[in-house]
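Residue numbering begins at 1 within each chain, and the chains themselves are lettered A, B, C and D in the order written.
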Amino acid sequence: MGEASMSTRPSRYVVSLRGEDHDVVVEADGGVVIDGRRREASLVVTSPPIGHSLLLDGASVPLMARDGGRGRWEIDLGGCSFSVEVLDERQAKVRALSAISAGRTAIAPLKAPMPGLVVRVEVEEGAVVDAGETVMIVEAMKMENELRAPAAARVARIQVGAGDAVAKGQVLVEFGEVEAE
Amino acid sequence: MGEASMSTRPSRYVVSLRGEDHDVVVEADGGVVIDGRRREASLVVTSPPIGHSLLLDGASVPLMARDGGRGRWEIDLGGCSFSVEVLDERQAKVRALSAISAGRTAIAPLKAPMPGLVVRVEVEEGAVVDAGETVMIVEAMKMENELRAPAAARVARIQVGAGDAVAKGQVLVEFGEVEAE
Amino acid sequence: MLESVLVANRGEIALRVIRGARELGIRTIAVFSEADRGSPHVMHADEAYCVGPARASESYLAVDRILDVARRSRAQAVHPGYGFLAERGDFAEAVVDAGHVFVGPAASTIRAMGDKTEARQRMAAAGVPVVPGTNTSLGSRSEARRAAESVGFPVVLKAAAGGGGKGMRVVRTVDEVGGAFDAAVRESEAAFGDGSVYVERYLERPRHIEIQLFGDTHGNVVHLFERECSIQRRHQKLVEEAPSPLIGPEERRRMGAAAARAARAVDYVGAGTVEFLHAGGEFFFLEMNTRLQVEHPVTELVTGVDLVEWQFRVASGEPLPLRQEEIPLRGHALECRITSESPFDGFLPVTGIVDEFVPPHGAGVRWDGGIARGSEIGLHYDPLLGKLITWAPDRRGTVQRMKRALGELRIGGIATCAPLLSRIMDEPDFREGRLSTAYLTEHPDLLDAAMSAAEREALIAASALLEHRRREERAAPRIGGGGTPLGDWQRRAHG
Amino acid sequence: MLESVLVANRGEIALRVIRGARELGIRTIAVFSEADRGSPHVMHADEAYCVGPARASESYLAVDRILDVARRSRAQAVHPGYGFLAERGDFAEAVVDAGHVFVGPAASTIRAMGDKTEARQRMAAAGVPVVPGTNTSLGSRSEARRAAESVGFPVVLKAAAGGGGKGMRVVRTVDEVGGAFDAAVRESEAAFGDGSVYVERYLERPRHIEIQLFGDTHGNVVHLFERECSIQRRHQKLVEEAPSPLIGPEERRRMGAAAARAARAVDYVGAGTVEFLHAGGEFFFLEMNTRLQVEHPVTELVTGVDLVEWQFRVASGEPLPLRQEEIPLRGHALECRITSESPFDGFLPVTGIVDEFVPPHGAGVRWDGGIARGSEIGLHYDPLLGKLITWAPDRRGTVQRMKRALGELRIGGIATCAPLLSRIMDEPDFREGRLSTAYLTEHPDLLDAAMSAAEREALIAASALLEHRRREERAAPRIGGGGTPLGDWQRRAHG
C-alpha cells in the first residue's frame, strides 16, 4: 500500500470538471496547488485496482477511480460518479484553440440511457420542445421511463419508432437550435 | 460471468494433492472424470481475479484460486488453503522417472514460518529428535512460538542462534535421516 | 423440521431464504438462469441447477423446469421468495401436486388475495375498512370513465393482478382516464400477463402502513405490528421502518386486530402482510400480500423474530413459537432499498458490472444483499441490489446509524439511489417523521444533483494526482524497487 | 455532547469507535502509522494524520506525537480504544493536562487497576473474592519458588502490568518455576516494558466469566450482565458469549453486585470490566480492565445498549441513560475472533496481503472488522482481523447462525482461525455449553488439519479445470468474441 511515487519536479495541469477548468500544480513533495491554493495531498491504492484513499489537508476521502484513457478519469465519490479530464498545459492550449474555431456548441442528441423498447414517441420532427419536455417513452425493467429534452430545441431528426428495441447509448433523437423569432 | 470456455477435445491430467496422484479427464462437454468417476462440472470466475464458483454434480463450492505457475494452483476452500499440482501425461511421466532416480526423499528443513526473533534453540547439532519435538522458540507478535521437528530426525545443522532476527521462509535447522540402530 | 428446500428465486431474497434454511439444518437447492451462473445465491446454496436462459419467463417463471429440478434434487419443499411465482396460485398447487411442501399459504388463499378486486370484496365482508372504488375489473375506456366519475376524482387505476406499482396510474380529471387506462392495461399485461384493471379513490398524501401477519396450521394467527412504508418513488417503496413514527399504542392495536381479522377470514397459513392506506385519521385495506415482503427485516429487528425461520416451522407443521402477547416490540428499525437506479436522472435503471463492493458493517447494521464484486447488473430482473437495515433503541439513533452506514456503502460501476437516501436521512421532515407517499414529490430539491465545494476539490486533486502518477509510470516503467501500489500488490498476490 | 474526538488506535476497534462517534455527530480524527496509510480506519475517519513509522513504540505508543495531532486537529477528546495506550495512566493524565477530555476513567483508577497486585489488594479490601496468591511482585527465581510453594501447585505466574495472556506461565512442579519465571519476566518486559511478575493459585478447568460495568460522573454505577469467555488459546480469548450458558439468575445477580461493588470501591467512571474465574461453584476476582473489551459487542446485542455511545455520553458529563433495573437481557450472543493465525499449525501468526474479502451478512450477524481487500497483514500489530458476532433468541440458534456465518466468510491470502471456529460450533461439548479454559487442550482433534472426500474431489476438479482453461487460453489467446470471464470483466470494467 505504498504512497504513489511522485517525481521530483512539479507539473502543471488543467483539470476540467462539469464544464469548469481548474489550474492544478502537483508538487514533488506531496503538495497540490488548486487554483492557487496549496493543500497537503496523499493518494494511495487501497483495494486494487480501483479503491483509493485520498487525504487532503488531513480530510479523508475514500474514492474509486478508473482510467478512461487520454487524461479522462471516472471517479466515484460519495456514491456518485464523476468524469474528470486532466490535460497538461500544451494539450489544454490545443483544446482551447479548437473550441474557438468550432463556434457555439450543438445541443447533444437524446441517447437511450439503457437498453429497452420504445413505447411511444411524443413529438414530431420539426417541433419545438422545452427543456425537460417528454420526448419519448421507453420501457425497461417492466417500467415505462420518460425521456426528456436536454434543452429547449427543435426536433431535427427522430431515428426510432414505437416498438423498436434500442441499445444503451443509441441515438434516438437529434436536435437543432431554436431559431430566434 | 460466462462459463470458462472449453475446447472440443478431452484432455487427461495427473493431479497431485497432499502427496496423492489422481487421474483426471476434462471432457469437452463440461464433464470431469476423476479416477474413473464422471461428474458434471462448471467453473466460473465470479469476483476477479481469484473468486470462483464450482458446481460439481450440482454441489456448489465457492473457492479462490491463484495461478502459481508450472501447473501449480493455490486454492482456498472452506477457509483453508491447498496446493495442487496439475501435470499432463507427458510431464507426469518425466516426474515419475526422476523421482525413482532420486531415491528416498530427504526430511524437509525447518524454515521460519514468519519473521521473528530467535529466543532459544532447544537442541544441539547431532541430536536425535522425535516428530513434534520442540526445536526452537521464535518470538513474533510479542508471543513465543514453539517450532517443532517435522519428523523423527537427526539435527544436521543449526543455522541460527538466540537473538538472531529471521526472515519468513529462512532455513533454521537442517535434518538428516535417523540411522537404524 | 423440513430436510431440504428448493428456493425458486434469485437475488437478495434467495440469499435470505438460503441463510435461514441453512441455520435450521435444511439442505438448500438454488435454481439459476444462465445470466445468474456466478450470482451469490448460487454460491451460497448447497446445490444449484440451471433452469434456462436469462429471460424470466424461460427460467424463474418456468414452472415445469423448476419442478423438474425439485424432483431430481429430491427437494422436500419449495420456497418461492417474493415476486416471480410467489403469488401464483397455480404454482403453489403444482408444487403440492408434485408431492412437495409449498412454503406459503394454500393456493386458494393466494388466488383469492391475488385478485385485488376479490380481495376487496372478502375484506369488506369481514368488516375490514376498504378504500372506496370498484370491486370488479373494468372492461373498457368508457367503463373506466364512468367508474372513475362515480368514485370521484382523483382516482387511481390499478392492476387487479398487480403489486409493486406496476400497472398503476393516478388520474385527476375525466379527460385523462382513457390514456391512463390504456397505459395501465399495457403495463399490467406486460408485468403480470393479465390486463385486468380496477379503480379506487385516490387518497391525497396518505401514509402507507402495513401489518405483518403469521398463521399456522393449528388455527393460530398473530400480528407482528406495523411497518411504515410511506417513502416511495413511482409507487415503489424506497424507505421502510418499524414501528411507524405516527401510530400510538391504541391505533397499533386496532390495525393489528383488523389485519388479524382479515387473516382469519381467509384461514391464513404462513407469513402475510395486510397493507393499509392511512389518511385523515382513518385506515383502509389496500391489499394483502401472501408472501414474505421485501421489507420484512425491519419487523425482525424490532421483534427479534426470524420470519423465515417461522415460515419453515409453520411449513413443517409446527405451531407458532410465540403467542400474541409474547411478541416484544423493542427499539426502532429502518430499511433503505439500494437499487440500480439513478436518482438524479429520473430513477432511470442502470446496467453494468459491479467493479467494487464494500458493504457497511458495525453495531446495529444489517445488509441483505444479492450482489458481489463482479456481479453483472442487467435489465432482465428487478433493480434491487440489496437492502440496508439499521436498528437502535430510538428512531433518532436509527436514522443517524443509517446515515453513517449509507456513507460507508461503496458500490462501484453502478449508479444507485444511495446518495438520495443519504440526503433523505438529513432532511428535517423525514427526521421528524412527517412522512407521506407524496414525500419525494414535495421535496424535489432532494433530486437535484449537486456537488459540495469539498467534493469538487477532492475530485480535482485526485484526478490530477492519478494522471500525474500515470504519466510518471509511463515515463519510467518498473524502475527501482517501487512500482505502483497496484503493481506491487498484484505481483505479491499472484506472483 | 463532544464535538470531536481523536481515536488513538488502529484496526477494528478504531473503526468501532469512529462509527459510534459519527452516529453521534462527533467529528472523528484518526491517527495512523506509515504501515497503515491505506487501512480502513483511515478511510472511515473524517480526518487522518500520520504519527510515525510502523513500529508501535514510534507511532501508536508515541504519546507526544499523538498529542501533537490532537492539538493541531483541535480534537476535544481522545478515545484510546483497547490495547496500546488504553491502560496507561500516564497517557490519560497527559491527555487531560493538554486540555482534552479522556474517554475513560481517571488516571488514578487506571493506575490502581493496571497494577494487578495492587488491584488484588483493593478488591480484597472491598470484599470481592480474589484467587489465593501473592499481592506483591516477585523479585527472583527463588522468591518465585517460595511463593509458589506457599500458594500450592499448580500455580500460574502472571505479569503485574499484564493482560491478554502475555507474560503468563502455568507451573505444575517446583522444578519448573525457575524457567517459567524467566520466560514470564522476559515476555512481560517485551510486551509491557515492565517485568514485574506475581503468582496465583492455578484453578483447574475454570470458566472465565466477566461482568461489564459502567459508571458516570454523577456517582451512578450499573452492570450489564456477564460474558462467558472460556474458549481460549494460549490464554487468549477465542470465543465469547452472553449470557453465560451455566449461570442462573441468582448467580448473575451475585456476580453483578460484586463487580459493581468493585467499581464503586475505585469511583469508577466509564466502561470497565471485572474478570472472574469461576470454578467449583465459586468465583474469584481475576482483574479489572479499565477500558472497552474486545468482546463488548456480545453485551451490546443482548442488552440493546451501544457501549461506545455510553462512553461518549459519560465523557460528555451526561448521566447513564438507564438505571440497573431498566437494562434488558434478551436472547443470546456469540463472538468469534478471526485472527491471522494458522490453527492447524500451532496458531502460528501468518502474514501477507488480503487478496479477497467477503464478510458474512444477513439476519442476526454483525461483523466488526479492521481489514479490506488489499490490506497488508504484518507482524507489527495484533493478529485480530475482525470479530464475527451473532444473535438469536436462544443459544442454539446463535450457534447455528455463527456456523452459517463462518461458512460465508472468505478471507483470501491469509490463513485464519475461522476453520477451527467452524469446527467448534459443531462440537457437542461446545454446543451443550460444557466450557472451560481447558477446552482446546481437551479437544485436540479439533486442531488436526483434515480434508473431507468432497473437498478433495472439489480441489481436484477445480485445479484440473483451471489448468485446462489456462492451457486453452495460451493456445488460442483472445480468439473469437469470448475471452475468459476474467478478461471479459476487466475489459468492460476498465476499457
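In this section, a contact is a pair of C-beta atoms (placed from the backbone, for glycine too) under 8 Å apart; a residue touches a chain by one contact, two chains touch by 3 or more.
All figures in this text were calculated on a predicted structure; none of them were measured in a lab.
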Distance-maximising chain from chain D - centres being C-alpha averages: A
Contact-richer chain pair [A-D vs B-D]: B-D
Cα-centroid distance, chain A relative to chain B, in whole angstrom: 50
Interchain centroid distance [CA atoms averaged], chain B/chain D, Å: 32
Euclidean distance of C-alpha centroids - chain C vs chain D, Å: 37
Where chain D touches two or more other chains, by residue: 38, 44, 355, 358, 372, 374, 407, 485, 489, 493
Multi-chain contact sites of chain A, meaning residues that touch two or more partners: 1, 3, 44-45, 47-49, 51, 59, 62, 66-67
Touching residues (chain side chain C, partner chain A) in the complex: 166, 183, 186-187, 190-191, 234, 342, 344-346, 348-351, 355-356, 358, 379, 381-383, 406-407, 409-412, 415-416, 418-419, 422, 449, 451, 454-472, 482, 484-486, 488-490
Interfacial residue positions of chain A with respect to chain D in the complex: 1, 3, 42, 44-49, 51, 53, 55, 58-60, 62, 66-67
Residues of chain A defined as touching chain C within the complex: 1-7, 11, 13, 15, 17-18, 22, 24, 26, 32, 34, 39, 41, 43-45, 47-52, 54, 56, 59, 61-67, 71, 73, 75-82, 84-86, 113-116, 119, 139-146, 148, 168
Contact set on chain D toward chain C in their complex: 15-16, 19-20, 22-25, 38, 44, 297, 300, 304-306, 308-309, 328, 330-331, 352-353, 355, 358-359, 361-369, 372, 374, 392-393, 397, 400-401, 403-404, 407-408, 413, 485, 489, 492-493
List of chain D residues in touch with chain A within their complex: 30, 37-38, 42-49, 73, 372-376, 493-494
